Each structure stands twice: as structure tokens, then as C-alpha cells.
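Order of writing sets the labels: A, B, C and D. Residues in every chain begin at 1.
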Amino acid sequence: MTGAVTPEMVVEQMKQFGTAARVRNDRFSMQIAPDRLHDAVRTAQALLRFDRLLTISTADTGENFELLYHLIGPHRIILSLSLLLPRGQPSIPTISDLLPPAAIYERQIHDLFGIRFDGHPGLSRLMLNEDWPENEYPLRKDWKPDPGRFYGGIKEGGS
Amino acid sequence: MSDPLQTLAEIFIFPGFLFLVAFALFMAFLDRKIAARMQQRIGPPLFQPLADVVKMLGKEVIDPDGADIRLYDIIPLIAFAAVMTAFLYIPVTGYSPFAFTGDLVVVLYLLAIPAPSLFLLGWLSRNIFSTVGGIRAITQLFIYEVPFFLALLSPAIMAGSWSISAIVSWQQQNLWFIFFQPIGFIVALVGLQAKLERAPFDIPEAETEIIAGPWTELTGRRLALMNLTFSIALVAGSALIAALFLGGPVLPWTLAPAWLNPVAGMGLFLAKTLAVLMLLSSIRVATGRIRIDQLTDIGWKYIAGAAVVQVGIVLVINWLWVVP
Amino acid sequence: MPDVVIPIGPHHPALKEPVNFRIIADGEKIVRLELNLSYNHRGIEKAAEQRNFTRVLPLLERVCGICSHSHATAFAKGVEEIMGLEIPPRARYIRTIIAELERMHSHLLWLGVAAHEIGFDTLFMWVWRDREAVMDTLEEMSGNRVHYNMNEIGGVRCDLTPGQIEAALSRLPPLEERIKKYLDMVSSHETLLIRFRGVGRMTREEALQYGAVGPTARASGVDYDARRDDPYLVYGEIPWNVVTDTSGDVYGRTRVRIGELWESSQIVRYCLEHLPEGPIRADAPKNAPKGEILSRYEAPRGELVHFIRTNGTDKAERLDIRTPTLANWTSVAKCLVGHSIADIPVIVAAIDPCLSCTSRMVVVNKERGSGAAAAPCGCIVRQRPAARDRRET
Amino acid sequence: MAVPDMGISRRLVNWARQKSPWISVFNSGACNACDIEIIACLMPLFDVERFGILAKGSPRHADILIVTGHVSLKQASRLRRVFEQIPEPKYVIAVGACGASGGVFHGLYHMVERVDSVIPVDIYVAGCPPRPDEIINAVVACLNLMQEDTARGGKEWRQKKQEAGMNSGTARPAGAA
């Protein structure tokens, strides 16, 4: 693990998980299968010194949820691991055991998109607000506030 | 002390209640003004502390849920009365009308009352911040009270009397104690600062940590009384230090018309008390708050140590140079 | 002594913004803490998908009142990159000037707040007085003290006149004097030293492991700065240095921030003196082509990441904001354990939490009394038998 | 204005209230801009202590509650509770455009939008964010309102006025007083 990590090394080492394509001069993106995420992150961490998680981005593509794990290391190359989760059963293993900061991002995503992170140590019922109704995830594309529903705050005419 | 009317006047008008409250409010104003000027601000107007107190008296009183309300009402009164009484023994115009042998001990005792009353208030209010603040107040009491006592003990040892008036008259004949005991003076200032819970010792009411500590749940007249208590304690403490270390309100010689003496004494009292206040305010402005564990450390290691050293020096001086 | 549960916030004088900690303390020592953010959650990310680019910029400025320019610039530069738009050099310089002035005002604000947290109000007042000079400059340039609204897709909204440049340059030397004085003060003033040194210490490894960013990480010797790693605006063309420190405690973070103040003032001076002539905006198309970008920006508090995805219309399909404060919470939770209650405000303040940014979309809540394992969740760092747990009133 | 039939103590208290308004700032979900502008009011350049205004941490000590920003769903119940903790007589100033109408955040999902749907507001300050001098002006306007209330024997007159339809709201813009 000596020497600088070069873009070629990234492509080479990550070949087993998919093809890494150069998106920008310092950013590589690759599509991986959801069940291989844990291995991919571990490989990137161990062999390519990706020791930092920039963020986990989420997007709602319609049929699927897309999760993007953006990793960075001292070599300043960004590796974006992209994976698709089916809308009906959005669940994925957590990576907070490998990268502690991931926990906080995973909670946020769980709260706003309703994606489950299996094995997360504190992924309990997370709410935007204590009174927020169950199974409503505001950042999903198909979500609209229901005018007849109470979303928290102050009820009319009382505290 | 024979004329009951005169005694009443001394208690309620001068140098008692009226004068004391007015002077305390003035000192509170001056304290805030000095701080403001040092912070490059304009600062509050002259009547500000009066307006604050009157406004607080006129506000709604909210009883904390579950507190013993009678006790909660009485404690500020007790603290207020204690510091008020303490001031009666401190000489304002020459000598205090109520002076007796051993009044220094009584004053020290009475001045120690506000801190435990804050603790009780914090404990009774059942608010978590108040409770933590109250515990901090009592912890702090144990740290500063010993050095403060020792520091004020040294002049008494040197003068050979427990009477404030006797200590003052000793200084009238000899030199001020600040020249004999500079360490004791500093320790006394620091102790007073801690007693009044002003920066860097405002640990019990640390605003950013525990909101207002024991003060959090105080409202209306209770808040006004406690506020006034601490303003008066500031006056009493400054006056006590001025009397014990700065020669008190007496000139080293007697003036020709007898009525001039109390007037000159009064002037000296004001000047010296304000000088002590200036020092205290400067300390307050120039420092941040320290932590309670750091205070324990500093308090026992350095402040108490310095006080003990001072007492030792005084004993040696006394041994070498027998006071007439 | 039984554990004491101390709720801090959301309405608490140490916090200028709402956040809720439940501190479980043993006497004065913190053994555990639970975080609850999101009191300012508004749903900006949802709104950003429904408004067009022109309307999103003012909205993004109001993600946070302190780093407003950061959010708008990060978004604008991302969208411009997707559009393949090269913005004129003068616009890049003006954006940099505003960004660095914002960093100065933010760091001065931080220094004042940190002094206030330890009860040193005099320094608080002095620093905020000097901050007004920066605010005046910003107001002169943009017309507003807080939300500058300088950005447009394709450039900046208004130009700098020679008079404004002269006025800004004349305000810099006194400010630099003060910055030097503060650096001197921080390393010599007794109360600052005893309250800052050794407090909230984080080693380089811990800073990396817990993902700290910005001055918090740089104080621990982690040499990450998006301005240098991924140069944007004019940072690749002008001389400046990354400030780091090795002590890793609050003292180090203070020194890093004051060092950055100095660097920022030098950058502002350089940019003002070398401001190129030319137009201030390029014509931007209404719609952005399909594409995605990870736009990194070094905000005053650390690295800000905007993930933008466009779909060929004039609206973003998805905007995902990762704020620096969110990345720093994990490290704060780690730093706090073992310290005394009195250190909470200063340690929390040391990351310069910008809760308004963070709460735009986050909730961190710990299941009460759960036996969850330690560090990874970022909220419970050390386990304790279930403490006397009162519901937050 | 005429102050009818007031004892000396009442007058003294009224005077004191005018001279010593203590404020407590509550961030009900704002973007910080209003908060830092309020803190800027306490600073040397604006120095509100010269009017006797002090910022207090405990709502129990406050006379005027300054609410910044829109009310997020999560803060609404807390705002109500903080308001209830303030001893009478109490006044509320809503700072910023968001507090009045939701401002730029109008229509977002996680907010109540108006401060006056949670607690009664006496003064609104416009601006995003308002400058510190406007905030000071609002406090002064609030003091005038306080005086008027005392002269009319309480806040009820404004309620009645509103019910009678003479005025559109209980509050007036900061500059109007």
C-alpha cells in the first residue's frame, strides 16, 4: 500500500465490482450491485485508501431509489458508488461499521426516503417531527402533503 | 444607642436601608457602566438598576411547580436581611453606631449567607439547571470562604482585635494594611469576587451552560430581592475591604470643627469603596469564566496557599515587632 | 450519585440556534449524550426540486444566514458546470471576494461566540465590533448585510465600482492589526488558555475516522481543504495557504480560524487589487442539460457538498446538500464524553455549528434507553446502564 | 397620552417597564440571519444596553420575546411553552419576513409558517433579515404599545378593536408607532 494511488489503480482494483468510469477529472463513478456495497467499500478502504465518506446522496428515479456513496482519500480522487434499490423493498446493509460518519447520513436518508439500513446501530423510528405520521417520506417524488392530515406543530385552537 | 428614634433612623435611613439601597443601585450602575466603557460601549443610564428592580417588583410571580412556596418566598428575604444587617457594622462616617467587639466575625458570617440561600433556591425550584447551579454555588462557597476568612483574619491579628472599628483606628495610627499585607488584599479581592459570583467566578450562574443557574426560576419580587441582595453584598464587601485594608473612612488626623469629621469620613468611604469597585469591575471585564474543577484546583493550591502564607507573615511580623 | 439528565436546548442561551442535547452527566462529568437536531427543518431540498434555477438561488441563500453565499455559489457553480458555461473572470473574482469576506465575518462571529461561551464577554464585544467593518464592506458591495444575493447562474448580480474597492481596501489594514492582536491574545490570555487548551482534543486519526471537516479537521492536522483539492473560482490562480494546526483541541481550532482570517484578508486584498476588467455575467441558457455533479465548496465551517442532478428542464431533479456541520456532529459527540458540563458550550461551539444548514434535512434521534452499540451511530459514544430517563418536558 | 387615575406605585412601575425591557430570543426555525442581527444589536456599534435592554437566557426573566423566523413543526410546541413561561406582562416581536408570512419558505412542508398562529404577536418587523436598527426600532415601538396598553388598562382593547373590524390586525408595523 505504498506509493500514490493513481486513477488507473482505482479502475483496476474495483474491476471486480463493476466498471469505473471517469466522470470528471478527479471523480470516478461506478454502478454496483446493492449486495456488494459492503465489500466494495471495504476494498476501496483497504487497497485504495479511500478513508473518508464525503456524503451519501439519494435520488428518486421513479421506479427505484438511487444511492450514491461518495468516497474520497488523501489522493483526492472521488469514487462514487452508485446502486439502485427497488421502490417496493428499499433496504440495504449499513456501512456505518466501516465508516462511522455514515451513520448520520443513513439516518437522514431513512427519515426522508424511508430506506432501511440493515444492521444500523441506532436506526429506530426516526421522524422529522415527533408528530409526523408513519410511512410518509417527504422527499419521495410522489409525496404530497395530505391536507386532511395532522403533521405536527400546534393543533388548531389548543396547545 | 440610647435614643430609640436615632437608632431607627440609623437602621432605616442612614447608613441603613435607604442610603444603602441607593448606594447599592449606584454601585450596580457604575459596575455596568465601567464594564460597558471597557467593552467600547456606551452603557446603561444612571437610573437603570432602579428601573430594573422596580420593574421586577411589578412583574408576575410564577411559582415553580412542586416547590415549597413559603420557603421560596422567605429565602430571598433572609438573604436580603442578612447582607443589610452586615452593612450596619461597617463604618461609613468614621465609626459604625452599632460597633461592638467581634463585629468582624458577625459581618463575615452574614456575608456568607447569600450563597447558601442561592443553593436552597436552586434546590427548591426543582429545575435541573437551578439544581446544578445551586450545587456549584455551594461547592464554590467551600473554596473561596476559607481564603477569604484567612485574608480578613490577618488585619485582625495584626491589630489585635476582632472589631472593625479597632482595626480602622489601628490603621489611623499606623499604616494602611494594604502596605503590610498586599497578598492578603489580593486574596480578599479574589474571594469577594467569588463570593459575589462575578467573572471569572460566575460559575453558578454561567449563562451559556446552565441558563441562569439558581436564578432561572426566580421571577418578580424574588428576583428583585436577590438582585438587590447581591448589589448590597457588593457594597458591603467593598466597604469591608476598604475598611480593613485601605484605612477605612477616617483621616489620620482630626479636623478642627467636629462636624467635618463625619463628612470627610463619608467622602473617604465613597472614594475607597469606589476604588475597590473599580478593581472588581476590571477583573470582571478582563477575564472569562473558569471551570469549577479549575477553580477547585486554583482555589486550594494558590489562593488558600497565599492566604496561609499571609497569615504566617503576619504572625512573624507580630512576633518581631510587638504592637504597642 | 445518580446520573443527572440535563436537557440543553432547543431554547438555551449558549445556542443561538436550536438543537437539543440530552446530557447524561455523572456529577459534572458527561457520560453520554443524545442529539436531536432538525428544529429548523424546512424542506428546502423538496422546494429546490420545484423551483427553477433563478428562484432556487435566493432560497438556497436562506438555508443559512451565516454561510449564505456558500450555498448559492456551490449550487451556481455546479449548474454552470453541467451547462458547460465558463463564467467571466471578473465574476469569478467578485464571487471569491464575497466568499472570503463571508469567511472573515463568519470566523469573527465564531471567535466572539466562543469567547461568550466561556463567559469572556469583553472579547465577544471587541470581535463583533471589528466584524462590523466586514459587514459594512459586504453591505456596500451587495446591498444587504446578511443575504448578499450576489450570485446568478452565469455570473454575479452587481459589479464593484472603484469607490467600493477603495473603501474595502481601506478597511483591511486596521482589521489585519486586530487579527494579529487576537492571535496574540489567544496565545497569551490566561482565561482563554485554561479554557481552550486540552479541551475537546481529537487526534489526527480520530478526526479522519469520525469524518471531521473544515477548521475542526485542520486543527487536528488533517490537511483537507476543498479550495486547494478541487480548485474552483480563482483559488487555483492566486497565492494562498492552507492553515493547519496539530494540537487538535479548541485552542488549535481557534488558531486555525484566526490564521484563516489572516489568509482570507490577504486573498481579499489580492483579488481587489488584481480584479480583471470585463463583463460580470455570461448568458446562461434557461435549461440545463441532463447531468449530475458533485459540487464541493469550502464553506467557513468546512467542506460543503451539493449533489445536483438535472434532467434537461429549468429545474433541478435532485439537490442533495451535505453541510459541514452535519459531518462534524459525529466528532463532537466523541469529543464531549469525559468532559465537564462547563465545556459543552465551548466544544460544541468549536465546530462552529451551523444548525440551520444542517437541520434543513436531518433528524438525529436516539432511541431512548436502547442498548445500541457505541461510536458508529455518532450519538451514543459510551454505554451506561439505562439512566433515569425522563421524557423531555 | 393621558394616564388616568394612577397611583404613584403604578406610575413608578410603568416608568420602570419602559426603561428596562429585557428580551429573550427564540429561534423558531429561522435561518440564523435574524439571530445574528439581533446579537449584533447587543454589540458596541448598536449597544442596546443604553436603552436598558438586556438579553436574558431564561424566559422567566424576560419581558419581550423576540421570535425569529418561520415556525417549524418541531419548534411550534416549544415556542408555545417558552411563551407561557414568560411572566406577565409580556410582549412578542416577530422578526423577519418568515415570521409574518413564511417569506421565502412559503408553502414548504415542515413549517407552521406564521408566528401568530402559535402565539399572539404584538409587533412584526419586515425584512430578510431586518437591519439591527430596525429591530431596535421595533423594541421601541413595542414599548410605546406597552404604554398605550397600560393607559387603556390591558391588552384587551386591541382585541376588541380587531373584533370590531376597525383594524386588520393586532399588530402594527415597526415604524408606525
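Everything that follows uses one rule, which is that a residue touches a chain if its C-beta (ideal position, glycine included) is under 8 Å from a C-beta of that chain, and two chains touch if they have at least 3 such contacts.
This structure is a prediction, so every number in the text was calculated from the model and none was measured.
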| item | value |
| --- | --- |
| Between the pairs A-D and C-D, the one where more C-beta pairs touch | C-D |
| Chain located farthest away, centre of chain A as origin (C-alpha) | B |
| Chain whose Cα mean lies nearest the overall Cα mean | C |
| Approximate Å spacing (C-alpha centroids) for the pair chain B, chain C | 44 |
| Computed distance of Cα centres, chain D from chain C, in Å | 29 |
| Distance between chain centroids, defined by C-alpha means - chain B, chain D (Å) | 37 |
| Residues of chain D touching at least two other chains | 43-44, 57-58, 72-74, 109-110 |
| Multi-chain contact sites of chain C, meaning residues that touch two or more partners | 12-13, 38, 41, 43, 46, 125-126, 129 |
| Shared interface positions of chain A, touching two or more other chains | 128-129, 138 |
| Contact pairs between chains, per stated definition | A-C, A-D, B-C, B-D, C-D |
| Of chain C, residues touching chain D in the complex | 10-13, 16-18, 38-44, 46-47, 58-59, 62-66, 68, 109, 125-126, 128-129, 132, 135, 145-147, 354-356, 359 |
| Partner chain D, residues of chain A touching it in the complex | 128-132, 138, 145, 151-154, 159 |
| Of chain B, residues touching chain D in the complex | 32, 36, 39-45, 47-48, 50-55, 57-62, 207-208, 211-212, 215-220, 223 |
| Residue ranges of chain D in contact with chain B within the complex | 12-13, 15-17, 19-20, 43-44, 47, 49-50, 52, 56-58, 60-61, 63, 85, 87-89 |
| Interfacial residue positions of chain C with respect to chain B in the complex | 4-7, 12-14, 28, 115-123, 125-126, 129, 190-192, 194-195, 340-345 |
